Amino acid sequence: MFEFSEQSRQYQAQLADFMTTHIYPNEENYHQQLAAAPSRFSALPLMDELKAKAREAGLWNLFIPPSLAEFADHDGLSNFDYAPLAEQMGRVLWSPEVFNCNAPDTGNMEVFMKYGNAEQQEQWLKPLLAGEIRSSYAMTEPQVASSDATNIELRIERDGDDYVLNGRKWFITGAMYERCKIFIVMGKSDPDNASRHLQQSQILVPKGTEGLEIVRPLTTLGYDDAPIGHAELRFNNVRVPKENLLLGEGRGFEIAQGRLGPGRIHHCMRLIGAAQRSLELACERVTSRTTFGRELSTHQSVREDIAKSFAEIEMARLLVLKTCKRMDEVGAKGAMDLIAASKISVPIMIQTVIDRCMQMHGAGGLTEDYCMAEAFNYARWCRQADGPDQVHQMALGKQIIKAYTS
Amino acid sequence: MFEFSEQSRQYQAQLADFMTTHIYPNEENYHQQLAAAPSRFSALPLMDELKAKAREAGLWNLFIPPSLAEFADHDGLSNFDYAPLAEQMGRVLWSPEVFNCNAPDTGNMEVFMKYGNAEQQEQWLKPLLAGEIRSSYAMTEPQVASSDATNIELRIERDGDDYVLNGRKWFITGAMYERCKIFIVMGKSDPDNASRHLQQSQILVPKGTEGLEIVRPLTTLGYDDAPIGHAELRFNNVRVPKENLLLGEGRGFEIAQGRLGPGRIHHCMRLIGAAQRSLELACERVTSRTTFGRELSTHQSVREDIAKSFAEIEMARLLVLKTCKRMDEVGAKGAMDLIAASKISVPIMIQTVIDRCMQMHGAGGLTEDYCMAEAFNYARWCRQADGPDQVHQMALGKQIIKAYTS
Amino acid sequence: MFEFSEQSRQYQAQLADFMTTHIYPNEENYHQQLAAAPSRFSALPLMDELKAKAREAGLWNLFIPPSLAEFADHDGLSNFDYAPLAEQMGRVLWSPEVFNCNAPDTGNMEVFMKYGNAEQQEQWLKPLLAGEIRSSYAMTEPQVASSDATNIELRIERDGDDYVLNGRKWFITGAMYERCKIFIVMGKSDPDNASRHLQQSQILVPKGTEGLEIVRPLTTLGYDDAPIGHAELRFNNVRVPKENLLLGEGRGFEIAQGRLGPGRIHHCMRLIGAAQRSLELACERVTSRTTFGRELSTHQSVREDIAKSFAEIEMARLLVLKTCKRMDEVGAKGAMDLIAASKISVPIMIQTVIDRCMQMHGAGGLTEDYCMAEAFNYARWCRQADGPDQVHQMALGKQIIKAYTS
Amino acid sequence: MFEFSEQSRQYQAQLADFMTTHIYPNEENYHQQLAAAPSRFSALPLMDELKAKAREAGLWNLFIPPSLAEFADHDGLSNFDYAPLAEQMGRVLWSPEVFNCNAPDTGNMEVFMKYGNAEQQEQWLKPLLAGEIRSSYAMTEPQVASSDATNIELRIERDGDDYVLNGRKWFITGAMYERCKIFIVMGKSDPDNASRHLQQSQILVPKGTEGLEIVRPLTTLGYDDAPIGHAELRFNNVRVPKENLLLGEGRGFEIAQGRLGPGRIHHCMRLIGAAQRSLELACERVTSRTTFGRELSTHQSVREDIAKSFAEIEMARLLVLKTCKRMDEVGAKGAMDLIAASKISVPIMIQTVIDRCMQMHGAGGLTEDYCMAEAFNYARWCRQADGPDQVHQMALGKQIIKAYTS
């Protein structure tokens, strides 16, 4: 039932080793460098060192699937084979970047690989694959329910050989980061088109383009997710050459659809890793602390919480693995029901598990002394990322009702 | 990930066909025959007819694993391959008996196959495998917490060439049933043995033996689960020949251990089928009912309930399948953690799913007009069967804590 | 904050005494008489004896409010003052009848008191107040969502000096009961009236009227709630004289509105009593049972369950008391938000509390040996009674949104 | 049932007015001043302005109960009368300080009022009551489960006319704040005393005393709660004169007991205000946003969430009010069960309500643009404050079991 490929199993072993040797021992160091950095969104020397090591170890761009293996130094990993690797990376929230496997760059690289032309790939994909620059994907807008992509309002207007952009965006992950150099921007180029799915285009806007204002970093539950961060942006007559258009006018929705499936599932994989680590920490905690004359681990309620958490992590993991398998077999579109099921089940389940693990740590569990509070924020945030759960429940419910009554 | 064997897939198709042709159309008939029967625990003619058809169709004793295939008309089905079959049977609560796959007979037949001697097998196993008689397993006692098997108090004392039994039992499934002919009884033959796991023996007591009093049928949430039922029993100097002992004196605990794993998982499989059917009924319901001017299916909260239920059923199913796979590979003992995880997660999850589906049916959902209320009772009851969930959470929590801290 | 009137406090003491002296000691007796009765819906001698005692003790018709005190032997009790009395009666599900305070007769008596004319009161209200006969209220229909009363389809047609009724009803509480003599039936007398709230009338139909067919008793979660029960009815050209009309043609909706508020709250009060008793039983249980070497009461998870249950019962009770207070001050209409809040919160909370208490009792907790399983069914059933919770959540949500944004 | 005193009702009206006129319009200003301040823990000019206004308006030290009215400019407010005032202050997390009613100063002032001698009151209580300085209460230690106060390890040793302190503390609220001038420190002066409740003393340590090291601010869920904050402290041979002792050697536990009850309840009151405001914001949100062609407020699931939240807030509020009433009548000790019930029920309930309200706001709900995320953190944090919920569940469960079985 879980026969990961030989390749995946080798990577799993290597990655576990790398985490133990290079990541866990550097967690405090990472936070210290961040605290001492010139700004919250500076690039950190430690990250560069670790990236070099990861690349040398061949743990690089593992998210690239077989169909796009031409862009990788390996043969490509199926979603199923990649899942346990992403889970491991999820154990330390900042570690995916070490392996060039962090959101939103993985999704953006996919866009370039699938929809970029040769020049766009040369200019942007190449340094992204090399981990030299970072990127952002500008979709969500503050004034509309962006979970319905047809609501997007940012205007992209042709003006001679240029396009001119006007509008607002927010929750633009990575935009604050010093390393970020390029934005993929979704907007409306043909708002009057009779087909609601042909009104959008996606276009490249280099950071620093005149009129592109980075208004502020946003926080969620108090976290700024530095140094990657989430930003609010304003586009005031931002002008870029027509060559910056991706794929063609009116094909923005098509690109958006092609990008979303794996992203949601990658979040789920990483969350499972975060929960698994929280549970392991809780087990350590309850065996090293005594209250009212008994080791915490001997309290029946502690054991119940541990047992339930173990079972829930296992169920979340299995759902994600089945979803991956289906995606590998029939593509994201045919796996829409399972992707939605994962999206609505895994983050809330993981949030609950981590909440329990924090509670077993006493007040300290809520602080920066452990990885749990930040992971809790990640899970909570994923209940909104790529659209609130409710939107996916609506779509999934509709699909299931139809499937079971026709 | 889910490659059921060719054999299993064939049985799945055949069984689905049999359910459609013979079971669903007879659900009302079954209840009518039961209502008209001489007693609540009479054998029903319909059952005999359907059993004959199932046996003819080769859908018989499918629970028998490859290691015991000598007792089957087929090559044996692994737990993994049997799971989807048990799930289908779970869609109609009384249907497993049609296929000679109902609790507690499956577990009892396993005991006879693994621990019975040739004579015991000839006398009891043969007619059980043929579906001619039914059996009961008498473990739980009202006065002690029987989830800890070492608490069992019924006395089995040697007296010449006989054993004499004294004590009480309850929740003895099948004991009320007209067809039930034999009890496997767990008791203490050597209560002073220094080893708490060598004090017990298991012994055969034919129904009708003098001194064996069937006190009353028990209900759970108002259900008597007729005609199979659950009984309270009293053993007043019940005397049986020494040949009725199973395996040997002091080996009762060993037999109990060997019996339990698959039983718990079979319950989970069937519950998943019951929930799946409830969800399908709910989908039909919400597309055929209008309130306040809208078809129920278009209410956002209805879609959310359907979506959550779909995801939860899927997660429960995956956990059970993984548990089966592990049991097939390393045996029930090595899968103890996953068996416990299933036992504590699946019934409560299924109870919640069915509760939602009942609610979508309005008041009618609670009645005998649908299969859901009875299935709800089954799920609720499974949170106590083979020990309350809390006992399994305790054991699992302890095991996980140990595993993650050593 | 909880200053019950002197009168209420006296009744509370008397009632507690009566429960201890006459009700608890007769619980087993009651079930034995029911089991031995000619039918499931026979009147029981014990009930008559206890009623006589209750009436003699002055614990009679305590549900009657001050505004209708002319019909009582006392000065009338406000909803607030009645609440702790109804709670006590809820501790034994069949006991409210002993005090002539059981559903649906209380609501029906209110209808007669408020809307009946002198003859109707003489003929039906008088024996109802004396506890000599019982009554039913026929509102819900199987084929429509009856939570929206305007959906009701049963036809009431004028024919000379008679009305003729045709249609179906179900979940008609009390209809099966031997003592039940009169039905208050809601139907449409003017289905084409432009106002949807003037189409309905309510009319009296004596049990035994030709054409009134009692199709069958219904069960919920396996319970038939005998001897009172819930029935499915058919009206086939049921003819009654025009004098049987209540209040006037087209005023059925008005009567229904006037009847509903207190009914829902009475259910909540009784449920709180049922939960309180379950909790007390659980406390006794956990101090009298030992597992794995520890008294159950010393397990941390047991204490957590007890603590949570205590707090939840208290919160449910306070919400109901506040609702009562508001109803007493401004009437049911002005307390609509709190009535809905109670209706959607109390039954589900009580169901959860009782579920925990059952679980602490082991498998026995699910049986008829304790009062909990039946109380669980009562709570579950109340999530549908007077309309599914979802309908009340819809109305309450709408009201709150409006209140907070205007 | 809710007859607040005339005085309380006047304050409620005045306070509502003050919030509308001075607090809500300054929320953005407050955050801007904090962002622009020299440090995260600087005193803000806005706070001083608002305090002056509040004091002038007579909305000052409203937490002082009648028994300590000699210290107030008013007659003292009972817990019951203060509850709706604290609820209103809870609507803006930083606003209690404006009214000199913020934690931990209220509790500290109580300590000074009840246990301080004339000199201690002159030096510290007077400026605290005037809002000129702030204070901290140093109880929790990182290395022991401090919910059991007898675990406290910080040493207080007599040395000539001084006491010398050595040990660690953390989660010391207010310690970071520029205005904070004095610490009340709990430690062990007589660790070998046979009575575990006579080993502790409490002593005053001015901020800036040599050897008192403020190690770092702590965050919970990413929040530093600036400018008040929570700190980790080290006491390295901190020397204070013997006159700084409170009440007497060995009376530290007694003081701790006297301080705790109201504190827990004040947190609950404020949380209810935070939830109430979140619900009001959610109602505004859902009437001003459209998705998939429908105003959010018309979605059934939105209405259900609003309805449930309304009911839950109401239940939490009622439980707190009843607790207050009991405390007013019989003191905190006699209300121990209800205080514990509030402590274990209100924060988790409020956390759930706020979580729903955040979700209805989309991704923005998690940011600093609304008050909800910070309030969510406050609720989560209160599940640990004054000991994890589990400790209170243990104590309450034990008490209830005893009460119901004796």
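Quick notes
We call the chains A, B, C and D, going by the order they appear; numbering starts again at 1 in every chain.
Quick note on the criterion: a residue touches a chain if its C-beta (ideal position, glycine included) is under 8 Å from a C-beta of that chain, and two chains touch if they have at least 3 such contacts.
For reference, the UniProt names are A, B, C, D = Acyl-CoA dehydrogenase.
A quick note: this is a predicted structure, and the numbers were derived from the prediction, not measured.
Chains that touch both subunit A and subunit B are the following: C, D.
The chain pair with the larger count of C-beta pairs in contact, out of C-D and B-D, is C-D. With chains reduced to the mean position of their C-alpha atoms, the one farthest from subunit C is A. Distance between subunit B and subunit C, defined via averaged C-alpha coordinates, is recorded as 37 Å. Note on chain placement: the centre of subunit C and the centre of subunit D lie 43 Å apart, centres being C-alpha means. If you average the Cα atoms of subunit B and of subunit D, the two centres end up 53 Å apart.
With touch defined as above, residues shared between interfaces to two or more other chains in subunit D number as follows: 300-302, 304, 390, 394. By the touch criterion given at the top, residues 140, 142, 145, 147-148, 170-171, 218-223, 289-292, 301, 359, 362-368, 373-374, 376-377, 380-381, 383-385, 388-391, 394 of subunit A touch subunit D in their complex. Listed in rising order, the residues of subunit D touching subunit C in the complex are 1-2, 80, 279-280, 283-284, 286-287, 297, 300, 302-308, 310-312, 314-316, 318-319, 321-322, 325, 337-338, 340-342, 344-345, 390, 392-394, 396-398, 400-401, 404-405.
Across the complex, subunit B is touched by residues 299-302, 304 of subunit D.
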